[in-house]
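Both complexes shown next keep subunit A, but they swap its partner, so subunit B is in the first and subunit C is in the second.
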Partner chain A sequence: MKIDRRSFLSFVIGGAAGTALTPLPWKLTDDISIWTQNWPWTPVPPKGEITYVSSTCTLCPGGCGISVRKVEDRVVKIEGLKGHPVNDGSVCILGAAGTQFLYGPMRVTGPMKKVNGAWQEISWKQAVEEVAVKLTELRGKGQPQSLAWVSDTDRGTTAELCKRFLTVYGSPNFVRAASIQDAYETALYLTQGNRAMAGFDLARATYVLSFGSGLLEGWGSAPFIFKTKNRMQKSGGKVDQIESRLSKTAAKADRWIPLAPGTEGALALGLVHVILKEGLYRKEFVGEHCAGLEGLKKAAGAAYAPEAVAKTTGVEANTIVELARTFAGAAKPLAVNGRGKGQLPGSLQETLAVHYLNALVGAVNQPGGVVAVPEPDYIDWPEPEMDAVASKGMQQPRLDGAGGKSFPQTRYLANRLPEVIHAAATSPVQVLFVSSSNPAYTLLDTQNAEKALQKIPLIVSFSPFMDETAAMAHYILPNHTYLERFEDVPAAAGFPKPILGLTRPVVAPLFDTKHTGDVVLELAKALGGTVAAAFAWESFAACLQETLGSMWQTLKKDGYWVDTAFAPPAFETASHKFEFTNAEIGKLPAYTPFRAPGDAQSFPLTLVPFDSMRLTGGWVGSPPFLVKAVEDTILKKDLVLVEVNPATARELGIADGATALLSTPTGSAIVKVNLWEGIMPGLIGMVRGLGHTAWDRFLAGKGVNVNRLMKPVEDPGTGFEAAWGVRAKLTKA
Partner chain B sequence: MDQPNFKKFGMVIDLDKCTGCGACMVACMAENNVAFREDETDKMLSISWMRIYRLTNGKAFPNSEECFLPRPCQQCEGHHGHSPCVSVCPATATDYDMKTGIVSQIPTRCFGCRYCMASCPYHVRQFNWWDPVWPEGMERSLNPNVSVRMRGIVEKCCFCFHRYQAAMDQAYVEGRRDLEEHEYQTACTQACPAGAIVFGDLNNPGHTVHQLAQPDPDREGRPRNPKAFRLLERLGTNPKVYYLTGRDWVRKAGDNEVKKS
Partner chain C sequence: MEEPKVNRILSGSEQGEKKEDGAGGPIILFFILGLIASLLVGWVAFPTLLYSQKKQPIDFNHALHNGLVDNGCESCHFFREDGSYAGAPKLAQCIECHEEANSEDPEEIRFVEEYVKKEREVPWLVYSRQPPCVFFSHAAHVKAGGMDCVTCHGHIGESETLKVYEENRITGISRDIWGRNIAGIKRNSWDRMKMDDCADCHAEARMSGGSVQTQRDGCLVCHH
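Entry: the complex of A and B
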C-alpha cells in the first residue's frame, strides 16, 4: 500500500481521535497526578480516640489554663481552657505552638556530660553521682556558698525544693532571673509594706496610662491583658501609650505620645507635679490612706515643672498638663510601667514614680487599680536542720550583692553575676545550677556574660531544651517538658487575684528525662547527713501532693484554684498607710533618667530593643511555628531588619532594604534596614528574641541577639538592670 | 439560592481589637497540619492559611498609624456560588458548598495547575513547592482530621470544615439536626486572645456575626453596619469575611484605594 499524504493524515487524525475517545489519556493524567501525590514520606496521621486534658501553661509567667487535645497517646493541639479566670478559652501564639516543645528537635533526650567538648550520653545514676561528688568536695572545702542556682521563678514547690536544697547545703545564692516583677515587688514593699506581687485590675479601670508597657506585646499574661484591655476600650475606656516607637500597643491605643526613650520616670514625676500643684489628687484617699505627701511634693518639685519635663522628655508642656488632668480626672485611672514584655526591672525610681501616680488617684488596692497580691504561703514545710557548714555558708553575703549594704531592698540580681565573677581572680561561683533560665542568652552584653560563665568550673543545666546555657554547660540533667510533668503554678503575671494552677503530665515522658524536683531529692540523698534529712519525701509527686494538702483534689478536678473572695491586704508600713516617703525610700538616690551607655560622638544613634508576640525573648526559645509567623519586616533570610525612621536614613544615605553594619560599644552586626515612620528619628529599633546560637535549626543562626549589642546599666540603690538602649552607629555595608 | 435551612458561615474580624499577635496563624497551623520549613521569610512561598497583613496610613512620625488585617479564605459566594476559584478549577478540587457556604479544597483531587491561585484576588491560595517534611518525631503532633498536603498541590483555609463535621456528628449522635453557635468555631476564632474574631452563621439573626455585619440580602451581603467592610468589595466576589473598624483610612485600604506613596 502506498502511503500518500491523504492516507497519512487520515491515519494520524483518526488515531488521535480514536485515542481521545478511549479513557486512556484521562486515566494516565489521573494516574500521574495520583502517583505524584502519593509519596510514601507524606505522613498520614493515625486516627484514634480524642481526649482533652486540662493543664496550666508554663511557657511564660502568664499562668494560662490550657486544654490539650490528644489522639490516643499523641498530643495534637493545645487550646485555651474555657472558663479559666486568666485566659478563658483563648491562647497566645506561644501557647498554641506548645506541642512543638514536646516533639521538637530542640529537646534534650537524656542526661549528658560534656567530655572534651563533645556531649556524651550518661545514665541518671552516673549524672547524679558525679554532680554529688563535686558538691561534697565543695562542702568539704568549706565553700558551700559558691554553689549558685539561677531560675526563672522562686515560687512553687520545685523552686522551694531548690531553695531548701541550697539552704541545707549552705548557700544563700538562689537567684531569680530578672523581670519587671523585681521593681514592682520592691515598690510595693517600700510604699505599702506588703510582700506581694503586683496585679492590675484592668477590667474595672476606665483610663490606662502606660509608660511604655507592651500591653499587646506580652506584658503580664497576654490573653488576660488583651481581652480585658479590649473589653475596657469597647465600653468607653481609654488607653494612652507613652513610648518612643509605634509599638502594637501604641497602634491600638487611643493616643500615642512619643517621648525620648528612658525618660518615662521624668514624665511620671512631671504628672505628679501637676497633680499636686493643681490639687487634682483624690483628697479622701490620700488623706485617709497615705502618708509622706510633703516628701513627694519635694521630690516632684520645681525640677519637674511641665516646662522642665518637656525639655527632658520631648513631650510638650501643655500635653503634660493635659495628661495629668486627664489621668486625675478619669473615673478609674490606672498607670502601669515596665517596658515591652517587662523582661527587665529597669529603674526602681521610675516604677515608684508611676506607683505614686496611682496612689494620688486612689488606684491602689481599689477596684480598677494596682492590687497587692500576697505571695503564696501554702508551702509550709518544717524548718530544716542545718549543720555547721550550712549555717556558716548561709551567713555569707549573697554573691550578687542583693540584700547587702549597697542594695538592701533587692532580693535577686542575676544581672550582676558576670561582673562579680570577672572581678575575682577565681570565680566565686564554683558550681552553677540553671533551671528554666538562659543567662547565656538573656544577660546584656552577652559575650561578656558568656566569658564570665566560662570561668565557672561546673555548670549544670536542668533545661529540657538545648538552649545557649545548656549548650555551654558541663552536664545537662534534662527536666520533663511542661506537658510531661506535675508543677504547681502560683500566680499569673499581672492577674489581680491569688490563683494557683496545676500543670500535669498530659503524656508519659517521651525521653529519658527526670523531674528537676526528683533530681534535687536524689542529689540530697547522695550528699547524705543533714542535707538528706531535710527531704523526707519519696518523690516530687509525693512532695507536691502533701504540700498542696486539701487543695490537691480541687486542682486535680478543675486544674486551677482562684481566690474569688480576695480582698487586698492592708498596708503594713509603720504608719499603716501608703508611704510616699519613708526612711528606706529616703536612702535611695533620687530619680535621674539614665542615658544610653556609649559615646555619643562615635555612636550618634540609639539602639532600642522592642518585643514582639511572635518571638520569645526569655529563656524559652521560639518554636518553628513562631519563627514561621515572624513578619518579613523583621526577618529576611538570616538577616534581622532594624527599624529606622526615613528622615534618619536619609541623613545616613541608607535606602530601604539596604544591608548595613550596626555597631555599638559592645559589638557589631550586619543587619537590613526597614524604613518605618513609626520610630522616632535618631533611634534604631531591633526585635528581641533572634540571634540564637543553640536551640534548633529553625531558630539558630537567624538575626542578631540584641542583648549581645546592649550594655548593662546598674540602677543605683537597687542594682537592677536599668538599660533601655545603647548608643549605636549605622553605616552602609 | 438562600433556602431557609442553608447556612452561610462567615466571620467578622474587628480590626480595632486585633493586636497582630499571630495566635490565629499558629492555632490554624497546629489545627490544620500546616508544614514549616527552615526559611519561611519569603512570604510568597510561605504557606499560612491565615495571614496577617500590616497596613499603615503612610503619614510621617509621629502621625503614623498601623493596623493589622488577618486574612483567612474569604469564602467568596460570587453570584450564586460562582466563586472566582471554583469556576476555574478543571479538576473539581474546589467547590462551593451551598449548605454551608464554604469553599472546599480537596487535596487529592488537585493536580496543581494553579488556575485558582491566579483567579483569587486575595492571595488566599498557596502552592506546595516542596514536600512537607516534619523533623523526626514531630509528625506525631499531626491532626488526623485534616489531610496532610503533598508537594505539587494548592491549599487554603476551609473555615476548619472538619470541625463542622465533628460538631454535626456529635449533634446527630445526640439526635439533633442543627448546631448551636458555639459548637462550630474555627481554630483561629477560638484562639484569638484579643476576642477580635467572631464566627457563625450569617443567615442566622441570632448569631453575633449577623448582628455585627448586618448583611444586606438584597445587595449580595453588603454590610449595613457602617463600620463594617469587605475586602475588594467592588470586585463583586461577595466574600463572607467582614472587617470592622472605626478608622477611615483602614476602611479605604480594604478596597485598595490608598495610593502608593
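Entry: the complex of A and C
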C-alpha cells in the first residue's frame, strides 16, 4: 500500500468531515470569543463586598467631600459625597482620577536617600536619624533659622505641627506656596481688619463680573463654583468675563470682554471711577459700613476716567461706563479676581480694586457677596517652651522678606526664595523641607529656581510622589497619599462658610510610607530637649484626635463639619468699618499695570499662560486619566500647542499646525502652532501643567512647562508674584 | 493538452482500473481513518486537553454543614445588607465556628492549620464563576424571582466531597459554565450556565424585554 498525496488529502477531508461532526469547532469558537472578551491583561476589580468611605479630597484646596467606592480592599472609584455642602455629589476630573495617585507609578514607595546621584532605599530609622543629625548640627552652629519649610497649606494639624516644629527648633521660615488666597487674605485684612479667607456667595449673586477668574477652569473649589454658577445662570443670573483669551469661562459667560492682559486692575478702578462719579454706589451700605470714600475718589480719579482706562485696557470707553452701570445696577452683584485657577496671587492692588467694587455695591459680608470666613482657630495647643537657640532663631527676620520692612502685610513669599538664595554667597537656606509642594516645577523661571535649590545643601521631600522637587532632593521621606491617611482640612477655597473636612484612610498604606505628622514627631524626639518636649503626642493620629476634641466624633460620622449658622465677622479695622483707605493701604504704592517682563524689541509678542480643567498646574501633577483627556488643540503627541491669533500668524508667516521655536528672555522651546481667533493678536497662549520632567512616564516629557519660560515680577508693595505673562518671540522652526 | 484530461478521468471514475497504483481502496480507508481520528480528537481528546484539573484547597463537605446550620444555603452564602450576594464565604465566617478544629477530620485540621491560624483566605475555586464580562444579579433571581439555588447550582448542597475543578485552558473559566457535556446537551436546568440557558428560562417565564431582531425573549433584561 502506497501512501501518496491523494491518500493524504482524503485523510484530511475525512478529518475535516469528522471534525464538523464533533463539538470542537463550535466550542473552540465560543472559548476564543470568551477569551477575547475577557483579555487576561485587562484589569478587573475583584468581586467582593462593596463599601464606601466618606473622606475629603486634598488634591487641591477645594475641600470637596468624596465618597470612595471600594471592592474589598481595592479602591475602584471616587465620587462626590452627596449632601456635602461644598460639592454635593459632584467631583471634578482630577478628583475622579484620584485612584491613580494611589496605584500609579509616580509613587515613592519608601524612604530614600540620594547616594552619588542615585536613589538608595533606606529604613525609616536611618532616614530620621540622618536628618536629625543634620538638624542638630545646624542648631549647634546657632543657625536654626536656616531651616525652611515649604508647604501648600499653613492650616490643619499637620501644618501646625510643622510650624510648631520650626518654632521650637528656632526658624521663622515656614513658607506657604503662593495662590490668589494670599492677595485676598491681605486685601481682607487691610480693608476689613479680619484675618480671614475669602468666600464667595455665588449662589445668591445675580451678576458676577469676573476679572479673568477661570470659573470653569478650576478657580476656587471647582465643583462648588461650577454648580453654583450654573444654577445662578439658570435662574436668570448673568456672568460677564473680562479676559484676554476666550477661555471656557468666557465662552460660557453671558458676555466676553477682552482686554489687554495685565490691565484688569485698571479696568476695575475705571469701573470704580464711573460708579463714584455717577453716584451709583449703594449709599446706605457705604454710608453705614464704609470709611475712606474720599481717598478712593482720589485713587480712582481722573487717571481712571473711561477714556484713559480705554487707552490702557483696550476696552471701549462706553463699554466701561455700561459695565459699571450694569454692575452697580444688578440686584446682587459680585466681582471676583484671580487669573485662571488663581494659582498666583498677582498684584495686591488689583485684588483691592476689585474688592472696592464689591464694597461700593454692598457685596461684602452680605448675601451674594464676598464673605470673610475667619481662619480656623480650633488648634489650641499650649505654648511650647523654647530654649535660647530657638528664641534667637525666631527673632531673625524671615528669609523671604514677608512681614519685614519691605513687605509688612505679607505672610509668605515662596516666590522670593530663589532670589534670596542667589543673592547670598552661601545659601541662607541650609536645610529645606518640602511637603505637598513642588517649587522646582511651580516657581516662575524654573531653571533659575532649580539653580537656587541646587545651592541648598540638604533638601528633604515629604512627597508621596516623585515630583520635580522630590527628584532633586537628598532625602525623600514619603507621606501616605490622601487615600491612606488622616488629615483635617479646614476651609474649602472660595466656600462662603467655615467648614472642616476630615480626610481619612480609605485603605491601609500600600507601601512603606509614613505620615508627615508622625515624621515630625520622630524628628522632634530625635532632637531631644525643648524640641522633643513640645510634642507630647504619641502619634499623629492621637494628636489629631486630641486636637479636634468633641468635633472628632462628628467628623468621623459625617466626614465634615460646617458652621451652618455662620454670620460673617464684624469689621475689625480701627473705624470698625470697611476702609477704602487707611494708613497701611496708604503705604502701598499706587496701582500700575505691570508690563510683561522682557525687551519688546527682541520679543515682539507676549506669552500668557492659561489654565485647563483637564490639567493640574500646581504641586500635584496630572494623573494619566487627565493627560488622556487633554484636547488635541493643547497637546499633540509630545508637543504642546500654543494659541496664536491668525492675524499674528499671518504677520509671522506661520501656518496652522506648524512647528515653531518659542523664545522668551528665560528660555526657548519647540512648540506647535494652533491658530485661533479666541486669543488676542500679539499674544501667545500656552497651557499650564505640562512639561514635567519627573512624575511618571504618562506625564513626563509631554509639552513644555510654561513656568520655565516665564519671568518673575515682584509686586512692589507685597512681594507677591505678579507676573501674568512674559515677552516672547515665535519663529519658524 | 490531452494528458491532464486522461488523468482526471482515470482518477475520477475508473478507480478499479487504477488498482495497480494501489490508491483506490486506501483513499476511502484514509477518509475513514481521518474521520475516525477527528471524531476521537473532537469527542475524546479535545475535551480532555481543553480542561486542566484542579483540586480544591480544602475538601469541603456541604452535606455535613447543611445539616448543622439553620438557614440552608443562605447560612453561609448570604446576601449582604445592600442586597449584593457574598458568594463563597470568607474566612471570617468560617472562623465563627472553626477557630479551633471541631473534629478529628484531617481536612478540617488542615483548614485550621493552614488558613485559620495563618489568617489566609481560602482560594476556593468557584465552579459557577462567570467570566468578568457577565453581569448577573443573585438578588434579582433569588430575592425578587424567588428561585432556589438548585435550579442553577444543582445539588451541590448535598455533596459530601468537592469534585475536581476543571478549568478551561483558553478562557480560564470553569467547565461547569459550558457544562460537563462537551456537545452542550443538558438534561437538568443546572447542567449548563451559558447565556442561552438564561434566555431559555427568561422565555419560559415570559420575561419582558424581548428582541425584535432575534425574536428571542428576555434579551433586554440584561442587555440594555
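Simple rule for what comes next: the second predicted complex is superposed on the first by the 688 of 733 C-alpha atoms of A that agree within 3 Å, B and C clash if a C-alpha of one lies under 4 Å from a C-alpha of the other, contacts with A are read in each partner's own complex, and residues count from 1 in each chain.
To be clear about the criterion, a residue touches a chain if its C-beta (ideal position, glycine included) is under 8 Å from a C-beta of that chain, and two chains touch if they have at least 3 such contacts.
Owing to the predicted nature of the structure, the values given are computational and were not obtained by experimental measurement.
Undergrad: Is A:Lys47 touching the first partner subunit B, the second partner subunit C, both, or neither of them?
TA: Both subunit B and subunit C are touched by A:Lys47.
Undergrad: Which partner chains sit in contact with A:Gly104 here, subunit B, subunit C, both or neither? Use first/second/both/neither.
TA: A:Gly104 contacts subunit B only, not subunit C.
Undergrad: In the overlay, answer first, second, both or neither for which of subunit B and subunit C A:Met680 touches.
TA: first
Undergrad: A:Asp632 in the overlay: touching subunit B, subunit C, both, or neither? Say first, second, both or neither.
TA: first
Undergrad: Could you say whether A:Ala222 touches subunit B, subunit C, both of them, or neither, answering first, second, both or neither?
TA: first
Undergrad: Once chain A of both complexes is superposed, is A:Ile3 in touch with subunit B (first), subunit C (second), both, or neither?
TA: It touches subunit C, and subunit B stays clear.
Undergrad: Just to be sure I read the superposition right, which of the two partners does A:Lys405 touch: subunit B = first, subunit C = second, or both, or neither?
TA: Neither: A:Lys405 stays clear of subunit B and subunit C.
Undergrad: Once the shared chain is lined up, is A:Gly18 touching subunit B (first), subunit C (second), both, or neither of them?
TA: Touch status of A:Gly18: second partner only.
Undergrad: Output the subunit A positions appearing in both contact lists, the one against subunit B and the one against subunit C.
TA: On subunit A, the overlap between the subunit B and subunit C contacts is residues 34, 37-38, 44, 47.
Undergrad: Given the complex with subunit C, which residues does subunit A contribute to the contact?
TA: 1-4, 6-8, 10-19, 21-24, 26-28, 30-32, 34-35, 37-38, 40, 44, 47, 49-50
Undergrad: State the interface residues of subunit A toward subunit B in the complex, per the touch definition above.
TA: Contact set of subunit A toward subunit B: 29, 33-34, 36-39, 41-48, 71, 74-80, 87, 89-93, 95-97, 99-100, 102-105, 216, 222-223, 226-227, 230-231, 233-234, 246, 248, 251-252, 256, 258, 510, 613-614, 624-633, 635-638, 645-647, 676-681, 696-698.
Undergrad: Hey, which residues of subunit B end up touching subunit A in the complex?
TA: Those residues of subunit B that touch subunit A are 16-17, 19-23, 25-27, 29-31, 33, 36-43, 46, 48, 54, 56, 58-62, 64-68, 91, 107-108, 111-112, 131-144, 148, 150-153, 187, 190-196.
Undergrad: For subunit C, which residues are in contact with subunit A within the complex?
TA: The touching residues are 11, 21-23, 26-39, 41-43, 46, 50, 80, 82, 84, 86-87, 131-133, 168, 170-173, 178, 182-184.
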